[in-house]
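The following pair of complexes shares a single chain, chain A, combined with chain B in the former and chain C in the latter.
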Partner chain A sequence: MIKLNFEHRQAGHCESGVTSNLLNYYGLKISEPMAFGIGAGLFFSYLPFLKMQHAPVTSFRVWPGMVFKRATSELGVKSGIFTFRSKKESMDKLKSTLDSGIPVGMQVGTFHLPFFPPEYRMHYNMHNMVVYGYDHDTFFVSDTLVEKPVEISYDDLVRVRFAQGTFAPRGRMYYPYDVPESVDIRPAILSGIKKTAHNMVGIPIPLVGVNGIRYLSRQMRTWEKRYGEAKASYYLGQVLRMEEEIGTAGAGFRFIYGAFLEESAEVLNKPFLREMAEEMGENANKWREFSYLGSRNCKKRAKPEESYDMLADMLYACAGREEKIFKKLSRM
Partner chain B sequence: MEDEPEKVYTDDRHGQYREMLYGYDKDGNFTKQVGYHGASERVILQQVWDEFKDRIEDARQKVLSGKASPILYYMEKNLLNAQDLATHTGICVWFVKRHLKPGAFQRLSEKKLKRYAEAFNITIDQLRKVE
Partner chain C sequence: MASSEKINIPQQPPMVMIDRLIKADEAETITALVVSADNVFVENGYLREPGLIENMAQTAAAGMGAKSSTPESKPRKGYIGALKNLKIDKLPAVGEEIITRVMVVNNVLNATIIEAEVTCHDEVIARGELKIFLEEKAPDPPETLAEQPDPLMYRYNREVFYSFNKETGFTQKVDYQYSANQQIIRQGWDAAEDRLDAVRQEIAAGILSPIAYHMERCLMELSILASYMKLSKWRIRRHLKPSGYHKLTPELRSKYAAVFGISVNELDNIDPMDQPQKGT
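Let's turn to the complex of A and B:
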């Protein structure tokens, strides 16, 4: 039996929450928005050729695993990241790591997670949680989505770690092991902001970043004609689910990113960042309004003027605002 | 926006499923609180489960009328598509699509059936028929 003294803190986004909690265990006080911002988690991509739950993929975040990887390397923390072929080997490695007193973060699939809200149990392989102890075949889990620490059995843990499908986790586990006493987070913040700005306005591909939002907006106008009312509404619902559902902390991470900008304005003592945080907050509220009106559309309670054209206009305006914000941030 | 918070979860053990929500209030401060998502959330979550339910029922009718094999029903019931099922079973997606037809299903070997049954977490006898 081993149970580490791990502090469970709830968070809005699973991966940055896990990163923040793991670093907190070693005494490095990094808040969740901070981990998200340094890890350059904000992104946008619309991939109509990939289908998830029978609708095109819209993503508001970077590739799974990137937030932890970037945040730890920017902060000068040494970390280990492993994937496995053998199930037995992965569980043995997990146990031996816990024995040496290191809490372990891992990527899991959500379909078979027993403690998960039933409404969220779909095939989604990008969830993250921390295992901080075990007693024979019971593992102690801190999942940032759930309010209290929970437990999971050996068999269930094997099943969720080796879930199949898109972004299969393949038993992926990670942990920081060499955390410096004190870290100067200022260069890390600047580098994180630069990286995010580049991701949003610097990549000349029409599917990602600000261009991706515009592309989605153009596509949205044609949905009703191309696919019929029912399917168009389902596609819109998918965009909103990715924006508001599990682990985005609302408005597709825009709130959490605004909180990061606000916090870094204090750390760096730059009033400019404070202004940007305000703009980001306004922008996030607009995204929220978009999802609110969109959900009325899904419920078929929309007023006639709240059509797909209007929603597309709102998206287009969001893209314009974000382009302005990130252009300014990239020139900082 | 008059988006009232609503309890989203049916199986809420002692309010365990309240989530962390971020926001931005009128005074220009970012807020952080534990609570339930708004009612609009309920709608979009319900929408996807309605879609799944329709697909499962469609598949069931197809199997009962002999137009598809039970694998289609169990595939939809596990919220999978042919590509995903191929990775779950280790059978090539071209063959998986073939096995969705009743004729090809009849000719399946015990070994292949077992792989499907394992992927769906049921027995072979259960796999041969739908509820």
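Let's turn to the complex of A and C:
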């Protein structure tokens, strides 16, 4: 039996939380927003040609796995990332890694995750958690969404690690193994901000970044006419589920990102970043307002003036604000 | 002034220009005020014109406050935008009681046009038309969303949420998912239920096979099922039809059953009471 002395801390976003908790285990105190910001996690993309749960894919974050990868490499932490073809091999590797005293982060699917709130158990494969020990066929898990540390059986763990569908995890596991004692995080912060600013305002593709928000806003106006009321409402619901549901800590990560900017302002001693954090916070509140009004539409309690046009206007305004913020940040 | 706390208006003493609410319904609002000597608008023993206009506007506000959904909710602030046809025949003296009747004539966007009539001893002493602009209703701050009366779907796991306001900056808190968010999660499950019902009907009509039913019950889509089965999509598509389903080999049947987490015999069962499965 192995049970590492791993501190379970809840977090708003699973991957940033896992990254932060793993580094914390080695004494590198990086908060969750910090991990998210350095990992350049913030993003937006709307992909109408890809369907998930019968609705277009909307994403508020970068590709799964990017946050850990970027954050560790920016911080000069050496890490291993593995995917597997064989289930047995993946579990053997997990056990041997735990045996050598290393807690392991992994990407899993949520449908078969037994300790997950049932309402969240959809075929969603981008969840992350940490396994920090095992006793025969029981594994000890720290899941940032769940209040307390939990356990999972060998068979269930295999099932969630090899869940199928979009972004299938293929047994993906990762861990930092060489963590420097002290790290100057200032260059990492600047590089993270630069990367995010580029992702949001520097990619000339209409589906991603602030252009993507505008594109979604334009599409939203036509939903009711094109698809009818029920489907339009479902599509809207899907956007909101992506924005508010599992692990965004609210407003599609905009709160976490603002918290990162606020913390960075302290670390770098730049009042300018504090200003940006405030603007991001206001912006995040607007996103929450959008999802709040949108949810009234989903339960058919919207007032007549709370139409798709109004929601689209709100989105358009959000895009404008974010464009301003990230243009300023990219010039920093 | 004792009863003024029951009146739901944004004004605070000493600016409160009404004592009690007599009637408030869709058509009209009636309030009463006994002019007291310490009233800020009393001059030389008479309530002056601004007092009367305030009285009219506050009567309108009291009507709106009474009509708002919850009595505790904060009344919206209003500004007097315009006065029309105002005619004041007489000023009420200290000690006299005035009764004010207000009718809403029109609501245009954020402006409300009201007609007011002030009587004293059954004699109309003032009347006029007021245009009141209501302040944009501020959306409820996220913190209060969780306290809405909607029932929460679940209360067994608290999560971390961030929030922001200008004074405190960003803060974290651990709480149950907001009811507004639970509502959109519910919508996803409701839609899954509707899809399941639709599949049931198509099976009854002989268009689809039980495989389609279990696929929907497990919230799967064609591509997900195909990758769990390690079969190509077009083969799965065949099994979704009754003709293809009847030709299934025992091996494939047991493979399907394993993927759906049921026994082979249950594969044919289509329970009309089944709900979309929330994981295992």
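Keep in mind that, in the parts below, the second predicted complex is superposed on the first by the 332 of 332 C-alpha atoms of A that agree within 3 Å, B and C clash if a C-alpha of one lies under 4 Å from a C-alpha of the other, contacts with A are read in each partner's own complex, and residues count from 1 in each chain.
Throughout what follows, contacts are C-beta pairs under 8 Å (C-beta built on N, C-alpha and C of every residue); 3 or more make two chains touch, one makes a residue touch a chain.
This one's a predicted model, so the numbers in the text were calculated from it and none came from an experiment.
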Three-chain arrangement built on chain A, chain B and chain C clash or fit: clash
Contacts of A:Met106 with chain B and chain C, given as first, second, both or neither: neither
Touching partner for A:Ala319 - first (chain B), second (chain C), both, neither: neither
First (chain B), second (chain C), both or neither touched by A:Ala35: neither
Contacts of A:Pro114 with chain B and chain C, given as first, second, both or neither: second
On chain A, positions contacted by chain B and by chain C: 10-12, 51, 53-54, 111, 117-119, 122-123, 144-147, 164-166, 168, 233-234, 237-238, 240-241, 244-245, 249-250, 255-256, 258-259, 262, 277-278, 281-282, 284-285, 288-289, 291-292, 295-296, 298-299
Chain C residues touching chain A - in the complex, by the definition given at the top: 139-142, 145, 153-154, 156-166, 169-170, 172, 174, 178, 180-189, 191, 195, 218-221, 223-224, 227-228, 278-280
Of chain A, residues touching chain B in the complex: 10-12, 51, 53-54, 111, 117-119, 122-123, 144-148, 164-166, 168, 233-234, 237-238, 240-241, 244-245, 249-250, 255-256, 258-259, 262, 277-278, 281-282, 284-285, 288-289, 291-292, 295-296, 298-299
Of chain A, residues touching chain C in the complex: 10-12, 33, 51, 53-54, 110-114, 116-123, 144-147, 164-166, 168, 233-234, 237-238, 240-241, 244-245, 247, 249-250, 255-256, 258-259, 262, 277-278, 281-282, 284-285, 288-289, 291-296, 298-299
Chain B residues touching chain A - in the complex, by the definition given at the top: 1, 3, 8-12, 15-24, 28, 30, 32, 34, 37-38, 40-41, 43-45, 47-49, 51, 55, 78-81, 84, 87-88
